[in-house]
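Paired with chain B in one complex and with chain C in the other, chain A is shared by the two complexes that follow.
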Partner chain A sequence: MNTKGNWILILALSLISAPLVIMYGFQLIDSISRPAPGGIIPQEWELTNWRFLWTSIDSARPSIWRVTFNTFVFASSTALLVCAFSITAAYALSRLNFSARRFFLAGLIMLHAFPTITLIIAIFIVLQFLGLYDSLMGVILVKAALELPFGIWIMKGFYDSVPWEIEMAGVQDGASRFRVWRELILPQVKPGLSALLIFSFLAGWSEFILPLVLAPGADAQVLATYMNAVIADDTRPDYGLFKAIGMFYALPVIAVYLLFQKRLMNIYGGGTKG
Partner chain B sequence: MTRQTLLGLGFLSPALLAVVMFFLLPVVLTVVFAFTNMSTSTGILGGAYQISESDLRRLPAAGVSDEAVTLLEGAGYAVQPETLALFAAEFGEDRASELEKLHGGATFDDRRAMERALKELRRNPLRKVRDRKTAAELFRVSILGQRFATEAEFQTAIADLGVPDPDRAALTTAAYTGWTFTTQNFELLWKLPATWRYALNTVLYVVLTLGFNVSFGLFLALSTFYLPTRTAQTFRAIWFLPRILPPVLYVLMWQWLTWDQGFISAMMRPFGIEPINWMRHTATHAWIFIVLINGCVGASLGMILFSSSLRAIPETQLFAAQVDGANRWQQARYVLLPQMRWPILFITSYQTLSLLTSFEYILLATDGGPGRQTEVWALAAYHTALSNYGGNLEYGLGAAYALGLVIIGILLSALYLRFFNFRELVAKPRIEQ
Partner chain C sequence: MRIELQNFTKRFGDTTVIEDMSLSVASGEMVALLGPSGCGKSTTLFAISGIHRIDGGTLHFGDRDVTALPPQDRPVGVVFQNYALYPHMSVAENIGFPLKVQKLSSSEIKRRVSEMADLVQIGNLLSRKPQQLSGGQQQRVALARALVRKPDVLLLDEPLANLDAKLRLEMRSEIRRLQRETGITAILVTHDQIEAMSMCDRIALMKDGNIEQISTPSEMYERPASRYVAGFLGNPPISFLQAEANGQLALGGGNALALPNGITATGPVTLGVRPEHFGPQHRGSSVAGRVSFIEPQGREDLIDVILPDDQRLRAIVPAGHDITLGQEISWQVDLDRVHLFDAEGARL
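Then we have the complex of A and B:
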């Protein structure tokens, strides 16, 4: 009885998905072709839209490779920091019985829900005080700190699912809690840790507002702010160029996502953006 | 302190440091800044003391007597031992002593008079006009335009000038160029009609987007639930992409779809509809696309969460419903939806908070335009404090805007704490040492 119903469902879903599919399709097509003047149908296949890779598109702009390097440093440093801080903090919250644990757990849940973007004005001024304004270092620290409650939350979930027996056995055999954590528990949460690493990397790679506000200079530019500046500065929109830059920017994201889809699904369910 | 506590705190400390630096401190500072008039012109690191010519007009309003203002204004150029010493260093002792003989102790109202006095030097004339101008400046005793680094220096300077004692305090306050504490940010927010506009916009934005997110998320989850796995996965992938694509690129695709030579305009041309920018033409256009842009991202979160909770519902219930003759609509309405109450509540509360404070997609899509018609509260805070065309960034006023959101954020996330099964979460660790 369900085949007819399925077709109706598929038709409905296709209709509402059409705008998205059109946008994805033309994102790909427009980056490697030139549309007829005033139209949208591609006329010629060509790679001139990718010229930003080998020439500078205008004088004042930093080289794309410099910007890509910055983005990579930004994304990987934040991911490493988030992971390094989360594995210890989450273990303490999940497994160690210490006096203020309840308080810290309640704090974590509140921080997890708290919309960090509201703090950006104060953070902007804190960075000016610290002399870290307009430096990659400053944005890395801020992004890592703001991702931290989420990271700890996710890692705590992974620690929670490790059976107590493993730890009990270690303690019975006379190992210290620290040794038990390092040698028995850490290997158990490795898949979770790598998922968090990938997720934080992607979050850093896509981040736009923080670099825009905290590091607007050319030296610390990342791909998000670079692309935004190219779009904003152009008086006559060149969507072919924009889309090629966008393609270049998004390819690592899509590749990483396709490779690690299964692992990431767990984390995306937790959700960080509206 | 037990070993356990030490180890626990040790493990927490790096994270705690980060949280204190970039969460607690900014929360406190947002409150503090909201009560200041900090801006680009006051700087953030305190200021100096300076009265400029243009400040004179506003001094009476700040409580400085007219007498003191005239004094500040009138004090011009004086041939005193101090100024003569400066002059001697620059233009030689001979000239200085000659000038002292001619005009020792004299004062002049403006520079022209001072230059005339310099012209009278006969034995050692200053011939060049430029030299006389430079020399005249050396005799300037007015404090107008002069910067004093500390309050004490400024006090001494106005005392020397003869400003009456009762005026000094008010004058010092008025001369301070750094930021000061004030409540006028909140008074301003209360008075400005734009504030109410932004608040209304925010409500409109949250309600519409949330409605779209939840209903679309539910529809996507329910419809893919019934489809064969491969088909369902394809549709889920299509709807999942907005979530992982970088926002700058995602919004660019919408910009292309809607600009006046974009997809929609091209599709409409055969029907004789003039090409317009479909996103920015009118406020209604802008609102529709803002809800769609945010909604597609939000709906994908709903889709993921709802799909996984749908899979957790035992299939036997559906079989039972099918045997009783319920069609899909009835199954969804009477069997599935009632069990989705918690995920729906979760998405609603979670997204209310993040939508209230998010402005990234609006900033990229319309930047609050056309006019200020799609400017929401969070975007107004950003525009006031971090990016405006005027160039004077008002950190204090922006912080006052942000403070509202911070308070709502704290309240709602405390409420969120109650949603969670907190007791289970804090279950005691099982190894006691």
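Then we have the complex of A and C:
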């Protein structure tokens, strides 16, 4: 590509993304400074907004570390569940010829596009019936279930791109079907698996509605609902504090993206290269 | 190990791909399954390997009935068209995988892998990954992996299709060498007649899920059982002429040939003349026509002749002739070597 075209492209992209960058910039700046009342220029650098890390911001709330731990458990359990079910279900859908296969495939596509929020009342009732309402376990199961169609679909794409012959060769070499899957096929879809793991972890990390509705109690609070509570029930909202918590909440996401962006791209590329 | 496939039938859903086919391969023999795309060669091969379940018939290896055995338990090594190497494993791990499955000790695996690698001449590549190998080397790894278990039967599905012309030549003799050295019974699937003729003891020529003829390459070339077989083998291909048998072979347009020895048929027949059996250098009954095309090939030229009734004959003529395009000629057909087929295409 010629350099002039490049510059125009870069300029256009910069202009479009400028508002976002400015917002993120000020989120960071405001979290560690105090602006003049009514202004935006920082007056004084200070860390008081980050006090939530070492003190309880008010007595009624659980400590941030407890909430962070919850969020981590929520996100990673969801990710593990999604991956565990996706790699097996997708293999079956891709390779095995069972009778209801077409039905499952069609169902998968439909669920994938389904506005899941419309199910929330039904889910609420089911959870209450099972005694899982207002527990982290309950939200984990629900979130994992809702993420599954996406995960299975993605993994099926990866399995589909592994040549049949590899599987046949393994069987002919004397290995059982399960062993072929474990030792020969699974390594081929590893790029997809790691992408899915990261992706569903992030999906769990940023989930808000499900914990809000299905686990509103203090014990099962996650960072998203914690932030919501901080901003919602104060008479005089402390935006500095809110921004600092937001920063804290976003840091792991940014870190994960920076560390794993190559692997995440696999999901969109869909190939097994890499 | 003798392979005996009897009354084999295979269906995919409602379509019957192969019906009532029988094939027997003698111990230590290498047989080619030759035929056009979609005639059921791979299907047959994978039925023997156990990957496809058989819908009818029986399969014996030696005296043992293996019809119901899963592929894991059949003493069969398979080489796939795309080699199907395990991309995440090194060459040594690829070759050793079948042994690892058999739970051999790692020192034993190592010994047999290096022995096998030496046999296929890739001993120096053991630590590479498949992506770091050339097509021919990948092919050798695939062969080594198929043979390392010391199976009784080796099955090859178009093993040379993905190689370039030079490598194909090399691997052709290499595969044959391995087969001879190990004395293994082998079946080679191919749609390349040269491959089948040069590598195998016998050829089974398939058409629409049936074996049209099975015999040695030379016998199949010289005494094709049907018009289909005659047309499939030979490059440049055989020419077919419509003729009327009535004491002689009337070709129309005034041409007529004597009936070959021992033929008593009357009525419409098809005459098959290979290009090497027609030309000015032969002796026999002559056919008149006009030269319509000359294709120089170096040592010899391919010459198309158009007969008065618009049928075509092709001749191979040694280079150094003075034949020109459009020339009227009268050349001889070697009547001892022509093939006659009845209206259904069966040999007379």
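The rule we apply is simple: the second predicted complex is superposed on the first by the 247 of 274 C-alpha atoms of A that agree within 3 Å, B and C clash if a C-alpha of one lies under 4 Å from a C-alpha of the other, contacts with A are read in each partner's own complex, and residues count from 1 in each chain.
Everything below uses one rule, namely that contacts are C-beta pairs under 8 Å (C-beta built on N, C-alpha and C of every residue); 3 or more make two chains touch, one makes a residue touch a chain.
Source: prediction; values computed, not measured.
Taken together through their common chain A, the two structures put chain B and chain C side by side without a clash.
In the superposed model, A:Pro187 makes contact with chain C only, not with chain B. When chain A is checked against chain B and against chain C, the one touching more of its residues turns out to be B. Legend: residue contacts after superposition of the two complexes on their common chain; A:Pro163 is shown touching chain C, with no touch to chain B. When the two structures are aligned on the shared chain, A:Asp173 is found in touch with chain C, with no touch to chain B. Contacts of A:Phe242 after superposition: chain B is touched, whereas chain C is not reached.
Of all Cα pairs linking chain B with chain C in the superposition, the shortest spans 5 Å. Taken together, the two complexes place residues 168, 171 of chain A in contact with chain B and also with chain C. Per the touch definition, chain A reaches chain B in the complex via residues 2, 5-6, 9-10, 12-13, 16-17, 19-24, 26-27, 30, 38-40, 84-86, 88-89, 91-102, 104-107, 109-126, 128-129, 141-142, 144-146, 148-149, 152, 164, 167-168, 171, 177-178, 202, 205-206, 208-209, 213, 223-224, 227-228, 231, 237, 239, 242-243, 246, 249-250, 253-254, 257, 265, 268-269, 271, 273-274. Interface of chain C with chain A (complex): residues 46, 49-51, 70-73, 76-78, 80-84, 86-88, 97-98, 101-102, 145-146, 149.
Listing the residues of chain B that touch chain A in their complex gives 1-2, 4-9, 11-12, 14-16, 18-19, 21-23, 25-27, 29-30, 33, 38, 44-45, 209, 216, 220, 223-224, 226-228, 231, 235, 238-249, 252-257, 259, 261-263, 266, 294, 296-298, 301, 304-305, 308, 328, 350-351, 353-360, 363-364, 378, 381-382, 385-387, 395, 398-399, 402, 405-406, 409-410, 412-414, 416-417, 420, 422, 425-426, 428-433. Residues 163, 165-166, 168-176, 179, 184, 187-188 of chain A are the ones touching chain C in the complex.
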